[in-house]
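Data block below; observations after.
Note that the chains take the letters A, B, C and D in the order they are written out, and that residue 1 is the start of every chain.
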Amino acid sequence: MPLERRTTVLTDPSSYDHEGRAGYPTRSIGSILADLADEDPRIMAGSADLTWSTFLADFPARHPDRFIQAGIAERNLLGIAAGLASCGAVPYMSTFSAFASMQSLDVIRNDHAYTNLPVRTIGTHTGISMGYFGSSHHAIEDIGALRSIPNLTVVSPADLVATEALIRGTVDLPGPVYFRLGRGASGPDVYETTSEVVFGEPTVVRRGSDILVVASGITVHAARDAADALRADGRLDVTVVDLHTIRPFPAQAVADLAAQHDAVVVVEDHVVDGGLGTSVLTALADLDVGVPAYRHGLHDFAIFGPPTHLYRYYGLDAEGIATVVERVSDRAPRDRTIPLWEEADRSRVLAEQQAADALRKPEITFA
Amino acid sequence: MSIDTPTRPPRGASPTRSREAFAAHIRRTVLLEAEIAGSGHYGPSLSCADLLAALYSGFLRVDPADADRLDRDRLVLSKGHACSALYAVLADLGFFPAEELRTYTRLGTAYGDHPDMKKVAGIDFSSGALGHGLSIAVGMAVHARLRGDGARTVAIVGDGELNEGQIWEAAGYAGANRLSGLLAIVDVNTVCVDGTTREVLDYEPIGDKWAAFGWAVERIDGHDADAIDAALARFEARHAAGGAPTVLVADTVAGKGIPAIEGMAEWHIGYLGGSDLATALEQLGTRVEEPTDDHAAPRPIATEEGH
Amino acid sequence: MPLERRTTVLTDPSSYDHEGRAGYPTRSIGSILADLADEDPRIMAGSADLTWSTFLADFPARHPDRFIQAGIAERNLLGIAAGLASCGAVPYMSTFSAFASMQSLDVIRNDHAYTNLPVRTIGTHTGISMGYFGSSHHAIEDIGALRSIPNLTVVSPADLVATEALIRGTVDLPGPVYFRLGRGASGPDVYETTSEVVFGEPTVVRRGSDILVVASGITVHAARDAADALRADGRLDVTVVDLHTIRPFPAQAVADLAAQHDAVVVVEDHVVDGGLGTSVLTALADLDVGVPAYRHGLHDFAIFGPPTHLYRYYGLDAEGIATVVERVSDRAPRDRTIPLWEEADRSRVLAEQQAADALRKPEITFA
Amino acid sequence: MSIDTPTRPPRGASPTRSREAFAAHIRRTVLLEAEIAGSGHYGPSLSCADLLAALYSGFLRVDPADADRLDRDRLVLSKGHACSALYAVLADLGFFPAEELRTYTRLGTAYGDHPDMKKVAGIDFSSGALGHGLSIAVGMAVHARLRGDGARTVAIVGDGELNEGQIWEAAGYAGANRLSGLLAIVDVNTVCVDGTTREVLDYEPIGDKWAAFGWAVERIDGHDADAIDAALARFEARHAAGGAPTVLVADTVAGKGIPAIEGMAEWHIGYLGGSDLATALEQLGTRVEEPTDDHAAPRPIATEEGH
């Protein structure tokens, strides 16, 4: 696979092609893994025709013979990984989470987890982060799909620093690991150094006392910003914890944190049934912690739209999270099956956005 | 099976334009949709534009006024990421007002970057995850054979998509069960995302694979209107006789029509802004004709001002 | 597909072949569906080379032209079903649950659930009911895999009567349904008439007052027998509820039942993370019911053995369930992450069985 | 890739018996395992017995004393439900004591009805869900090529199993990447579970499919020891030259060796009890010889008393 991509004769500075002209990040999962491979001969990598899209391209550039290009065949990619791992390799295979988890679940289950081999599956572009690509590309059920599989470790880094920390923190695990990554290099940063993220231990990102906000992956930065806004306004003093290690679930740590707060709000870019909040609720129940916990996430297949618009629509940006946390604090309803981000909130965001869209590019007509 | 079989559409619905203008219009619309979105699947949408133009120029028996009628022909765009081209077709045929494409990819739209049958009239099945569409089309073709109304099913798949094993599950089933009413079209634009299909995973000889799975294979130039029409006619004849399903292995060019991006995997997704869009529209525009007269309400073609 | 199977020239009455001589049940899912198809022209069926094993064979015998034999290609089978359903059919596609759920999850998700089409997937031989066929055939993560998918209905009948009731009770649902069946025709009966099982409403199988035992599918008969044994001995007065409708989860009904008891024990032939108990725990938490709930199920991939031995080993037979219920009543530990069926229990069962096995067929030597 | 490469096993491990006796011993063991379980996959285990006998009669370089050595040849029994035959082989070669097979399928056993690499020495990968094994074997073959130690990888797949799309994903990858060290063997016993493969889903011409996916194809009689050995030798030569992966399309008979059940899909699973077992063992027994002398510790062959 050639790393050099052709550039096109373009004249307008706003134009870009898939990866060539859009620019490619200097630091990415590909370079993190390529560095690791420099040190560790077991490391291999592969993709299913999404090497560039999943930000893996530095790996084949630097270690071409340790790279598997499977074409558009995710199951085979993950099956090959199992064969490689049975020979002593530690392969990192990346594709979009929608195709890594749901399409190949039995490969992960039978060939990685049951055999307990050190295959690493990297599922990128999780939740609704693919925006208007639509439902086929939304990975809003992947935690649910993976959660029951014995032996499987699942981690969900909030940014690239966390990704590196968790890759290195799990490299010697004998069994399989699933990495649930957001959009790759493009999310806002949360961490400065890898030492802030230790595999297996939740990271407290903001320390407060009123309400505990639990987040993971792509929602952590928004939860942090929500906490900062609530604090700045003097409204609420909120703790934000990054639950980057989803399996094995750090039940005791979460229970201990929850016990120090009035309520828990779990923010998730996933349907609430089977997601992170499900683990939080069962942990609190199992460990007999009576603090009420609210799940704030998706309840259905998502609509289409640009990613940032979608997060706003579903109340998963900082403003939405702050609103939900305040509502928990104000209303504390005892029936927690009723979502705190309401139909009316969504309609409002949609109407605002559609009004703004109506003014865009009036010169275009399709007839 | 006792299923109501209404009288079938006497002929396929037709576009508002001549064939050449129709194809150019599809390409133009693809560019304009990308302008709305700020991003477009140029390569894969433009490579199949002539194939779509052929299918929807009277071949497929569909009825924009009764989009869901049971006995219609069906198209599954298994390579769903080329849907901006299909939207252009469906709008032109009157399944929905073309102006709705102004919402393409915007919050709350029906028109995402992969097609949704529940949201868009004329989309016969939702797609987006590669490898699924041929199985769906097999199901439709089985149902059509049960009904006995002669309806045909077409699936358009990518050449890279052939890597997906489910395609061969479906191909094996259709071949063994001699689903003559099923037509697969492989858009052999010789690229996928990471590079050329040859670099990524060489699947040539593609025709041999389908033949070995029991299909009648035709290799054609996927931009030659006459060649496509002739192959469709031969499929129709084969279907009438009953026999193997047909595959058209169509040689195409990714990004066809925009010289700056033709044949480039880099243009699987991208954006042609400002002056580049203007140039591209001009290159297409030279070939855009006025609507033909054989339709009641000829509609204006998008003009180039403002780009 | 020919329904007639050849019979072999055999002399010993203990011999049997796959289906021919072993006998085939007169009433089965195949005959239930064939009856339905007599009335309803939308009904179709199909299998992936497991028509006999999933007890569907009466269907192709009676409606050959409405039957899809997909060969060993589960994903294609379920994809074809989606195409059929988009044309107005209501297809019932059967295979082992391990292959229906995990191997084809994205087909169910994208092509059945997102499109909200009336495809019915029948996954048989769930949980550890395949016994010594081993882990590849154990479907102990299927509820977890399916639980997050919007629009998907999941039902789990306890016997053939319940199967018929739930097939008929869901036949007109516009969206997809997943049937999680035990070993097909071979389980003990629970119900006498289909009116006892109403889609969407849990069925109370035994009414008591001390402890609520929640079961579903293959564990219901054992839970019932456990309740009867506990009552007969005067030990405990136990309610047994059959949660045959897993999704949508009848949260309020379960919460109301739970509130009338001292504790809840969820019995599941599934790993506890993501299974039925997960739904029970989240329902109690969401609806603020403070009754402690214990999950009694699997915690890892299962060992191998004959099905009945395996259920005994994992405490999922009547005796095991009774033991666990008593322990809940006696100890009521506040840390409910600790399984009440212990390592020592398993070792005891294993030792007993191995001692019995050692005496079997001494005449066989393999050297 | 810097991987420790120990000196490779000078030759393949060998069974304790002559080739013919070895095959008969495998079949006998399959019957006895079924007697322990009260059920057996007779058809599929007996159809591949001669193929396994050939592979483990010196061809596969494996070392029972060091079962996990990195540079060994590997076998993936993708049709894992035939493992009772493979257990017979591995026990005879000394990977584990044959008497352990008394626990076959019993509670807590390592020897289930599908093979488990974590529990049984000599099993190179766990299997049971059809369609996975060739991908695994591809991974092993890629690793061997990286190591450069010449180790070979064999995958045995069923003819019905070819319906699984993942087989073709793996075949496409191996063909395009010219994995010469990979050998696939298709056990064409012409049955699956619901009937004959022709009735269920006709996949002939099987060889054409593999050829179209870039493999070197040989069609052989899967019960003819000389034919199998010769084909294995040609694979070896092809591997040495570097080139396409090889597939042996092996025509076999389900339940081979037990006339009452030969060729019958009904005997995918079943049970031969009492007098039927006795008859079957007798039919095999006529062909069972004493162990050959070229092994230090010839072991007694199961006698027929008691059945």
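As a convention for this text, a residue touches a chain if its C-beta (ideal position, glycine included) is under 8 Å from a C-beta of that chain, and two chains touch if they have at least 3 such contacts.
These numbers were taken from a predicted model, which means no experiment stands behind them.
When you average the Cα atoms of each chain and compare centres, the chain farthest from chain C turns out to be B. Chain B and chain D, compared by their mean Cα positions, are separated by 45 Å. Chain centres here are Cα averages; for chain A and chain C they lie 32 Å apart.
Shared interface positions of chain A, defined as residues touching 2 or more other chains, are 70-71, 73, 75-76, 98-99, 103, 106, 110, 114, 135-136. Counting only residues that touch two or more partner chains, chain D has 126, 128-129, 131, 163-166, 169, 172-173, 176, 201, 203. Arrangement of the chains shown, judged by which pairs touch: all-to-all, with no pair of chains left without contact. Residues 1-2, 5-22, 47-53, 69-73, 75-76, 98-99, 103, 131-137, 303-306, 309-310, 313, 349-350, 353-354, 357, 360-361, 363-367 of chain A are the ones touching chain B in the complex. Considering their complex, residues 41, 65-66, 68, 70-71, 73, 75-76, 78-89, 106-107, 110-111, 114-116 of chain A touch chain D. Within the complex formed with chain C, the residues of chain D that make contact are 29, 32, 35-37, 80, 91, 98-99, 101-103, 105-114, 116, 126-131, 160-161, 163-165, 192-195, 197, 199-201, 203, 260-261, 264-277, 279, 299-303, 305-307. Only residues 131, 162-169, 172-173, 176, 201-203, 205, 208-209, 211-213 of chain B touch chain D when the two sit together in their complex. Residues 1-3, 70, 76, 117-118, 124-126, 128-129, 132, 134-144, 146-147, 165-166, 169-170, 172-173, 176 of chain B are the ones touching chain C in the complex.
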